[in-house]
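Quick one: the structure is below, questions incoming.
Chain naming follows the written order as A, B, C, D, E, F and G, and within any one chain the residues start at number 1.
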Amino acid sequence: MTSRPFDLLNESVGKEVLVVTKGSLSFRGTLKAFDVHMNVVLENAEELLEGETKKKYSKIIIRGDTVIYIAP
Amino acid sequence: MTSRPFDLLNESVGKEVLVVTKGSLSFRGTLKAFDVHMNVVLENAEELLEGETKKKYSKIIIRGDTVIYIAP
Amino acid sequence: MTSRPFDLLNESVGKEVLVVTKGSLSFRGTLKAFDVHMNVVLENAEELLEGETKKKYSKIIIRGDTVIYIAP
Amino acid sequence: MTSRPFDLLNESVGKEVLVVTKGSLSFRGTLKAFDVHMNVVLENAEELLEGETKKKYSKIIIRGDTVIYIAP
Amino acid sequence: MTSRPFDLLNESVGKEVLVVTKGSLSFRGTLKAFDVHMNVVLENAEELLEGETKKKYSKIIIRGDTVIYIAP
Amino acid sequence: MTSRPFDLLNESVGKEVLVVTKGSLSFRGTLKAFDVHMNVVLENAEELLEGETKKKYSKIIIRGDTVIYIAP
Amino acid sequence: MTSRPFDLLNESVGKEVLVVTKGSLSFRGTLKAFDVHMNVVLENAEELLEGETKKKYSKIIIRGDTVIYIAP
């Protein structure tokens, strides 16, 4: 059971997540790490544009203050 | 009776809420968790576009500083 | 007499207020609660669009950092 | 003589001021109160649109972080 | 010689400066006061639009976090 | 293995990275330095526009709070 | 060798730098001073518009939180 928001991120480490940021960017990849600022590292990540893969990154760090939502 | 704003969130845990964010995104789902930054976790969430379901998420964390309002 | 800005919010608890936020959203309802971040809870609230009622909420929490102004 | 910026606000309490905010909103009214965040309360305020009165408020609190400038 | 950025503001008190803010507003006037947030007070100020005087203010306080640059 | 987001930056010093900022700017270059604000210094950097080199810089400091993501 | 981002600014004092800010403004001039907020003072500065000199300033202070990047 999730009792604090960051518990959801903790439960999601090693799993695939979707990260949507300001400026309408979307990334899908395996959550490797996060911190209290909601900075996240994804592995085997792809940047999505209207549901299609636009670019691929073996690793990527996304800055927390640009995040709108993260969904496992 | 609500005497502080976050009391309303506290009363709403386990109930359905609507979350509207900057960039005109709307989410409806069951409030599972929140924190002092107004980060919220919704369960069985749907992203709404002009009142229609656009996407579904079993769980989603929405970053507090993108929230405009939350309505139970 | 009002001597500090938040005194006006304090005097307005239980009364109808208009809250205008960034992104040109307007809400009218009974002020139930506020905090030092200017987060506010309205009861029997309506979201207004060009003066017309667009949506109704029995309760709503509006995030302080999206507020432009509040008028009792 | 003004030696610190907030001295100008202090001198302006009880006088008419113009407040211009982000999003190009303009308000004219009697300055009743302000605080260190530049939150201000105006009395007998009017919201101006291209120099014309658009709305009137007996009292209004304007959030400091939306202010661009204030002129007595 | 200027060794810290605010030294330039200190040297400019009593002199004419140009202040350019977010949202492309420009103000010219005599710098009367500033503080650590870069809030500034100008005297005999004019708001400029494409190099032309648009409005005149005997005194004006401009909020620091809207400033892009200040030039003596 | 990456266990905190900044570990990825640490592992990337001396390697080529892509930095994407708000306002849709992209930079590619060798990561020379970073700090806790995610300010980064790139060497032999190029600013990219739609995948093409637009400008070249022998060294460049990019401000952390404009960063959206960094990919090694 | 640069080991922290601000070292690059330190090395650049007295040299010509390019400063690019939010809102797509560009300035070229001699770096005279900077502080921890990345506020910078340029001397013999010119504001550039599409590579052309638009305005000249003998001295200018640019607010750090509007900076996107600085290149020596």
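Here is the rule we use: a contact is a pair of C-beta atoms (placed from the backbone, for glycine too) under 8 Å apart; a residue touches a chain by one contact, two chains touch by 3 or more.
Small disclaimer: the values here were computed from a predicted structure and weren't measured.
Looking at subunit D and subunit G, the chains that touch each of them are E.
Computed centre separation for the pair subunit C/subunit G is 42 angstrom, with centres defined by C-alpha atoms. If each chain is reduced to the centroid of its CA atoms, subunit D and subunit E end up 19 Å from each other.
Here the CA centre of subunit C is 33 Å from the CA centre of subunit E. Counting only residues that touch two or more partner chains, subunit G has 22, 65.
Listed in ring order from subunit C, with subunit D immediately after it, the chains are C, D, E, G, F, A, B. By the touch criterion stated above, subunit E contacts subunit D in their complex at residues 21-23, 25, 27, 32-35, 39-41, 43, 45, 57-63, 65-66.
Within the complex, the subunit G residues that touch subunit F are 1-9, 22, 24, 38, 64-65, 67-72.
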